[in-house]
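Dropping the structures in below, format is structure tokens.
In what follows, chain A forms one complex with chain B and a second complex with chain C.
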Partner chain A sequence: MSGLLWGAMSVIRKDLLAEGRAGEVLTVTIPFGALALLFFPLSINTDLAVIRQIGPGIFWAVVLLFGILVTLRATAADPPQCRDLLLLSGVEPASIFLGRTAAGTLLLLVFELVLAPVMVVFYSPEGIAGWPWLFVVAGLVAIGLAALGTLAATLSTGLPSRSAIAPLLVAPLAAPILLAATETTDLLRTGQGIIRWILLLVAMDLALIIAGMLVAGPLEESMQ
Partner chain B sequence: MKTQSVIGGAAVVVMGVGLFLAIEVPPEQVQGDFVKMLFIHVPSVMIAYLAFTVGLVGSLAYLATKNTSADRLAAASIEIGVVFTMLTLATGMIWGRPTWGVWWDWGDARMVSALFMLFFYLGYLALRRGVTDPKTRAGRTAVLGVVAFVQVPIVHFSVTWFRTLHQPATLFRPDVGNAPLDSVFVPPLLTALAAFLLVYLAFIRARYRLADRQDELAAAQMTSELAGSAVAEPILGGVHE
Partner chain C sequence: MILKDLDLVVEASEIVAVRGPNGSGKTTLLRLISTLLAPTRGSAHILGVDAADRQAVLGCRHRIALVGHVPALWPELTLAENISVLPNLRPLGAGPIAEALKTVGLAKAADRRADRASLGMQRRVEFARIRLNLPDVLLLDEAHAGLDAGAAALVEDTARLVQSNGGSVIVVSHEVARMQGALSRVLDLVDGRLEAAS
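Entry: the complex of A and B
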């Protein structure tokens, strides 16, 4: 167990260090996501009532679509030599999956936290009811999306069409995450209970992490 | 080839019988003659479930044994499952327009989950096409074949878990004795199911054999000499030693 966590910590450190040097998420994906948030009112309707209604849904859709880009960032794709070195150092495939998912989760959280004020300013200037709960939802969405993205990124490692195939694999399975996130925001606005949607997110996250750890070994084997 | 013809011939005959029975069935109280669309829609989705289940079994068998036959079986079955899922969605939309008044409802759990399942399995096929090395392709798609199957029970039970536009399951429901189906509709439905099963068997056999040939061709291309192999480096006035 400690070996698993030690390996995961090493991968988190490596991934965050690589991202810190490249700055792909901070300098490219986040501004791109914010720009997408600005495009929707222009393409749909500039009526404030409509914008307030659709704002949270658009925010989560942008988080999902651009979050895929965060999980597929170039710094998360190890060259074969790096993968071999990790395995030779005794880092298990499940550790690599866990570490990569954790690093992806942290970057997705940053992505969500930077985009949330943009959404509030342009879509809900009066604020969002029950917003402290949204931190919990944002965390759970980030974990699920990072696990899915890591799995898809591993499956499409080294493919010329990686940037097209991986999102095609992530988006359909991320639908329950998007549904739970938008429903929670809607229910918070009307002051209703959100616990069953939170439980759905927790169940999805756990299922994805367990599935990812279980298939990490066979996937690594297929890449040798 | 002979077995293939027998299965294909049987599929045509049983489909003819099913068509005759479907024409003979009286119109339903509410849906009228549109009820007959369900003799295509319900068997299509059943065969899609079966195809994805065979895909799961093939994928698990490959992961356990590394036998390429299991990989070919999984891929062939999932490809056919995708075709039957498309047929299910198309016939559901055609039936839904006159019955529900809409082609599509984004709030309906069954429709949306089935659409996402289709896209995920299209991703499976895209991944398969994207990887050229047979061993790598088999390993990666076997993992995906196992993960993807989680959507099949979600699609099937979505009508039980969420009460939206789509009616509850007609077949394979927990209270199977209370299936909301008049007995007059059972013979054409079961005949259509048998016909679709035969079509699936004919397709999977043909697709498996095609995959076998494709692998043979790919292996032959890998070992055959390249066009430039006959040309050696130039040597002045002599021959290679």
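Entry: the complex of A and C
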């Protein structure tokens, strides 16, 4: 177990160092995500009632679409010879999956935290009751998307049409995550219970992480 | 099937060179020995572990080092970080890593990004890694590629270091003559089979 976590920590460090140098999330994805949130109210003629009604859905749709980009880019970063090096350094494929998912989760959390104020300003200026729950939802969405992105990136590694196939793999499985996140935010605004949607997010996250760890070894073998 | 009827036993402290034309299966052979590839037929035992037992090979991989013909460096990381991110080298800390980089002539380039380093410098980083954690099996694929005459001595020097530590070395190179003095045997890979060089 400690070997699994030690290997995962190395992958997290490597991915975050690489992102720190490349800065793609901070300098490219976040500004584009903020612009997408800004353009939606403009495109529906600043009708405040409609904007507030569709705000959570738009926010989570933007997080989902740009989040997929974040995780796919982060997990595509390893050249084949570096993958071999990690394996020969004693890092298990399951560790690589866990590490990439954790690094992707951290990047997505930054993305969500930067976009959240933009969402509040444009879509819910009066604020959202029970907003501390949004941190829980944001964390669960980030874990789910990161696990899904890592799994899809691993499945499509080496394929010539990788960049086209990976998002297609992610989109259907991301739908329940998007639905649960949107419903939770909506229900929080009206003061209703959210526990079943939180449970759905937890179940999705666990299922994706377990599936990813189980298939990581066979997938790595099939890529050789 | 690129390799067939191939029989190879490498003892501890041996340095074996394998020659062969392009596409003859030299890289496939090294990847089989590294356990990254599993044999589709026949059997392979590396460090006493059956390569077909994919769970068991996970436990011995950290004792094997493979230097491929493309350097295994993450382009955005510095040369020093490319060593320190590896879980089996991280506990060493910055001091030994700086010392290893100095040994391979990269003392002043530790903070240079890998994608801004020359091929020769990237190659040297790989040898610095090996020196920090001497493997039981060292596999060198086109080991002299990208190295100038002075730096090419690093290949032989590192191979001898692994040998003196009781490890085995298998070198694939078109320039076997450059380390002739260190070799225990030279083998030719012809039509998927290994033959002693004449």
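As a working rule, the second predicted complex is superposed on the first by the 217 of 224 C-alpha atoms of A that agree within 3 Å, B and C clash if a C-alpha of one lies under 4 Å from a C-alpha of the other, contacts with A are read in each partner's own complex, and residues count from 1 in each chain.
We adopt the following convention: a contact is a pair of C-beta atoms (placed from the backbone, for glycine too) under 8 Å apart; a residue touches a chain by one contact, two chains touch by 3 or more.
All values derive from a computational prediction rather than experimental measurement.
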Chain B versus chain C as contact partner of A:81, first or second or both or neither: second
Partner chain(s) touched by A:155 [first = chain B, second = chain C, both, neither]: first
First (chain B), second (chain C), both or neither touched by A:131: neither
Chain B versus chain C as contact partner of A:90, first or second or both or neither: second
Touching partner for A:18 - first (chain B), second (chain C), both, neither: second
First, second, both or neither for A:32, with chain B first and chain C second: neither
Touching partner for A:172 - first (chain B), second (chain C), both, neither: first
Touching partner for A:222 - first (chain B), second (chain C), both, neither: first
First (chain B), second (chain C), both or neither touched by A:211: first
Set of chain A residues, in rising order, touched by both chain B and chain C: 221
Complex interface listing, chain A residues touching chain B: 151, 155-156, 159-162, 164-165, 168-169, 171-173, 175, 207, 211, 215, 218-219, 221-223
Touch list for chain C against partner chain A, complex: 31, 34, 36-38, 54, 58, 61-62, 64-66, 68, 70-77, 81, 85-90, 113
Residue numbers on chain A that touch chain C, as the complex places them: 6-7, 9-10, 13-14, 17-18, 21-22, 77-79, 81-82, 84-92, 217, 221, 224
Complex contact set, residues of chain B against chain A: 63, 112-113, 116-117, 119-120, 122-123, 126-127, 130-131, 135-136, 138-140, 142-144, 146-147, 150-151
